[in-house]
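Labels for the chains are A, B, C, D, E and F, by order of writing; each one numbers its residues from 1.
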Amino acid sequence: MSHGFYIALSYAISALIVAVMLGRIWLDGRARQRELAELEASGIRRRSSAAGKGELA
Amino acid sequence: MRLTAEGLAARRGEDLLFSDISFDLGAGEGLILTGRNGSGKSTLLRVIAGLLRAERGAVTWHSSGDGPIRAGEACHYLGHRNAMKAELSVEENLGFWKSFFGDFKGGTGISAAEAADRVGLGGITHLPFGYLSAGQQRRMAFAKLLVSYRPVWILDEPTAALDARAEATFADLIREHLGRGGILLAATHQPLGLEGMRELRMTGFAGVAGEFGA
Amino acid sequence: MRLTAEGLAARRGEDLLFSDISFDLGAGEGLILTGRNGSGKSTLLRVIAGLLRAERGAVTWHSSGDGPIRAGEACHYLGHRNAMKAELSVEENLGFWKSFFGDFKGGTGISAAEAADRVGLGGITHLPFGYLSAGQQRRMAFAKLLVSYRPVWILDEPTAALDARAEATFADLIREHLGRGGILLAATHQPLGLEGMRELRMTGFAGVAGEFGA
Amino acid sequence: MTQSLAITKFSDLANPTYFLNLSGRILPWLGCLTAVLFAAGLYLSFTTEGDYQQGETVRIMYVHVPAAWLSMMCYSVMALSAIGTLVWRHPLADVSHKAAAPLGAAFTLIALATGSLWGKPMWGTWWVWDARLTSVFVLFLMYLGLIALNRAMDDPSKAARVSAVLILVGFVNIPIIKFSVEWWNTLHQPASVVRLDGPTIDPEFLIPLLVMAFAFTFLFFTLHLMAMRNEIWRRRVTAQRRMAARMASREN
Amino acid sequence: MMSLLLRDLKLSVRAGGGALIGVLFFMTVVAVIPFGVGPDLNLLSRIGPAIVWIGALLAALLGLDRLFQTERDDGSLDLILMQEHPLVLTVLVKCVAHWVANSLPLVVASPLLGLFMNMSEVAIGAVAVTLLVGTPALTFIGAVGAAVAVSLPRGGLLVSILVLPLAIPVLIFGVSASYAAVEDPAPFMPPFLILLAITMFFAVLGPLGAALALRNASD
Amino acid sequence: MMSLLLRDLKLSVRAGGGALIGVLFFMTVVAVIPFGVGPDLNLLSRIGPAIVWIGALLAALLGLDRLFQTERDDGSLDLILMQEHPLVLTVLVKCVAHWVANSLPLVVASPLLGLFMNMSEVAIGAVAVTLLVGTPALTFIGAVGAAVAVSLPRGGLLVSILVLPLAIPVLIFGVSASYAAVEDPAPFMPPFLILLAITMFFAVLGPLGAALALRNASD
């Protein structure tokens, strides 16, 4: 097989792995932020009291 | 349901622990074993449950109508150890025993969640069993008796490590079981808070001193 | 010997079980922990014994004269489990712990055979530990406290599975220990039969409700 | 009681909060820099001359070598964090080595894959069991093991401490990887860039290689910061869910 | 019965980290081998089937001796013995669960390992097939040992004497069938059929023996 | 400390039959290889040292993962952690006990296996000596894994994977020293001394790591 094939394949595999890694972390971050926002929205009353006291410390 | 023991004797190692123990229990009756440490209470319970071979004598189980049945089929046995897996959650443990035991004819068990509720620990069935405190573990082991129906309960020190409130809960559950025609055999060092039980006092290596009706 | 705890708080998993527990025990004093199952008694004892890290607060041990010392050195800990090997005989078990523990300065332990005698089981030290009944095992675990001298005893439900006579024996042994200037910390559900103990009632996840002197 | 609990929670998070703010400001710049470096590096690596010995395949080097370096550097970062966990008990250190493990596994996988793809034309085989290759394979297995360990334990701070111990013990593998080519004579190239007496490699290859190496390094730091932020958020979510559940049960 | 199977599978997934872990472990073992034998690819491919089979034996041994011991230690064994399900069946189900959790992943992973060991396609296939057929026998033999270990206070010794010698024929026929598939003169079928027969034999004898030992063990 | 050593030795004799199971497994491994390689005596004697070393490595794994687990299960670990003896020393003593009970028998049995593998006298001696010097390192490395296993609610195999890679250098130098003793050009001493150094290194690092893990694991 030509050398070009090996070069292309190795760049492709590296790109794929980097892309998967980046995508996973990105999506994970989106999901976490969404969860935090949901908690914020649903639990303002409960959280604000606890947080208010906490921030004084 | 009727449980009869005649002239039981059992051996541990080379020693005869007791001999000539006989009793007869009908629906709604209970027998409490008391006696010093090492007097053979646990041994007697294991003989009755069919886990140890009796040296002499026999235990017979009669279901109304059907004639004699095998020991294991009709009874729940709660030993010193809890028979639950520390790695699995309480729910998985109870669920497994529910489906493994099946129900004896004439009754059905309640669900795992309900059973945990009955012993006062409804909220924590999702925790791995190993995370629970000693008393919580014992309670969950007791909940195992509720998930499937068996007319005879054989309990070895059921209230070890329990707080006062749980003891009262257990007494209620046992009373309810007897009220539905169940039979109870329990070894214990502390009064279980049950009235009208017969008591069998074991006196260690020398056999049985007496049987007191109450 | 003086044991001081200040503002202790401990966490199990993610939950804070208790916070702000403080007490101070001098020679001959004892503290009994009571509370419902799962309220954190065992956890507190393990924190004091140095087996769990406190979330906040500190425990300090003062030996008369020498200043602070390490937790493990000065105390015996008897947990829910007996810390004995089922395959070895009682004598081997006790002998091992005797030489592994060594003695804390200011006292010496008694021999394995004597210790077994003191807990009322003198004759059976040759049996493998695994052959003993539940109560006998617990008594032998208690005998471990006698084979080497430590001024502080930390006991987690020492009387589980014991008969009445053994409970009285234990109470005597504890009283004797306190009489010689020892310190006792015990968690229990049943009255230990000791007078003049302070009591700390744990109230579960919400911390401590109150500390009652007696 | 509720109050004291809230206070610990927030003093714990005080530091992470600062970290979140700071990293939030740095991240866009870091991302841009990474992209620029990659563009330059890729351009250089496809425009430079081929090697007279290795032919065109030398281009694989521009991915292979940086990835291999990163796989080792990532472990070193984890080892530093592990010290942070054990010595200072810093919560950020816990987060750092937990977040780095999957990244390390990915870079090691790239090094393994490109190495194999280079080995086929150069050595005539995909894989040989020589010291360098196997020690990298072992590194890969250790990353996977650490990921599994973190998953198997549900108490995060205990998981962090235990895996920190393992990371430190496993660090002996890194010098083995680095020096394996010198201790055992193998098929693999000995070091020609990072060595005491200066690089011996032709500058023709050195420049694209270094640019790509910087690109990979910045990629690692970008991803690491992102993963750490995710992990902090994840812990916040569980903590707040717990608190909400506790409050709910108290109100009942 | 189904619930027992599920529980045991869950337990071994939780306790060990699951199939993946077993395979990883196996891979680590195989990765270690070339360091001992040297990077000689020819030699590797020749001893490959034997190594993979030894790995399978090791994986079957790890943890198999505790098949009933954990059940006894937490008291579950008492309850299992008391039930009306025939005990032989219970033992069989536990064996199956153990096999699925510990040996099956190895069978599935063995082709990959074969590649690492530079084995030919035929050899890889033969090893996978013989493993599939042969490893259950190892589990059944081990079950007898595990049951004896529970019943005797000092069962340990007896178990090793009992189990390993019985496992050797399985190993030998497994390995020789794999080789027969590659080398022309030797036919593949005879050793393979013997392996099959051994497995079926132990599938009956193993649970029977284990059940007998357990019945006489309880105290 | 002496008492701990004695107790652990007693326990492994009573409970596990540890020594015997290790030796039997070791022998099984060595017995199976000739089937793989065929009756080529030359080849056998060539790969002999490697096979014996691999067998020793695998046999050392059996049972090592439970070094601290039994102690935790019956509560002894708590008491051991509380004592003033430096924990590192306690771990070291436990390792020594485990080595004496499980690996020493392998060292003693290895000459016999060498004979089976048609190895020369020099090779047999070299393998026995390198095993004697190298196997302690395996035990120390395994101890770290065992300590980590205790902290997991579900220990097990996971640990062997984390730890096994570290055993590779031991294997490499052990095997190459054995070969060096037979083949003339290569000198025996350098790899042997490196093996010694590795063992001493892990004799420090292993107990330290294990003690650290145990301290952080207790709950």
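What we mean here is this: a contact is a pair of C-beta atoms (placed from the backbone, for glycine too) under 8 Å apart; a residue touches a chain by one contact, two chains touch by 3 or more.
Because the structure is predicted, anything quoted here is derived from the model rather than measured.
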item	value
Intersection of the contact lists for subunit B and subunit F	C, E
Subunit D to subunit F, fewest steps along touching chains	1
Classification of the subunit E:subunit F interface as same or different, half of numbers criterion	same
Most heavily contacting chain pair (counted by C-beta pairs in contact)	E-F
Chain at maximum distance from subunit A, centres defined as averaged CA atoms	B
Per Cα centroids, the chain farthest from subunit E	C
Subunit E and subunit F: spacing of chain centres that average the CA atoms, whole Å	23
Subunit C and subunit E, separation of their C-alpha mean positions in angstrom	46
Distance between chain centroids, defined by C-alpha means - subunit A, subunit D (Å)	16
Mean-CA-position distance for subunit E and subunit A (Å)	42
Contacts with 2+ other chains: residues of subunit A	none
Junction residues of subunit E - those touching two or more other chains	14-15, 17, 21, 24, 28, 31, 35, 73, 154
Multi-chain contact residues (two or more partners), subunit D	134, 138, 141, 144-145, 148, 152, 154
Subunit A - residues contacting subunit D, complex	1, 3-4, 6-7, 9-11, 13-14, 17-18, 20-22, 25-26, 28-29, 32-33, 35-36, 39, 43, 46-47, 50-51, 53-55, 57
Interface residues, subunit F side, partner subunit E - complex	14-18, 20-21, 24-25, 27-29, 31-33, 35-38, 43, 47, 50-51, 53-54, 57-58, 61-62, 65, 73, 153-158, 160-161, 164-165, 167-168, 171-172, 175
Residue ranges of subunit B in contact with subunit C within the complex	12-13, 35-38, 42, 80, 131-136, 139, 157, 160-166, 189-190
Contacting residues of subunit E [partner subunit B, same complex]	2-4, 6-7, 10-11, 14-15, 73-76, 78-84, 218-219
Subunit E-touching residues of subunit B, taken from the complex the two chains share	46, 49-52, 70-73, 75, 77, 79-88, 92, 95-97, 99-101
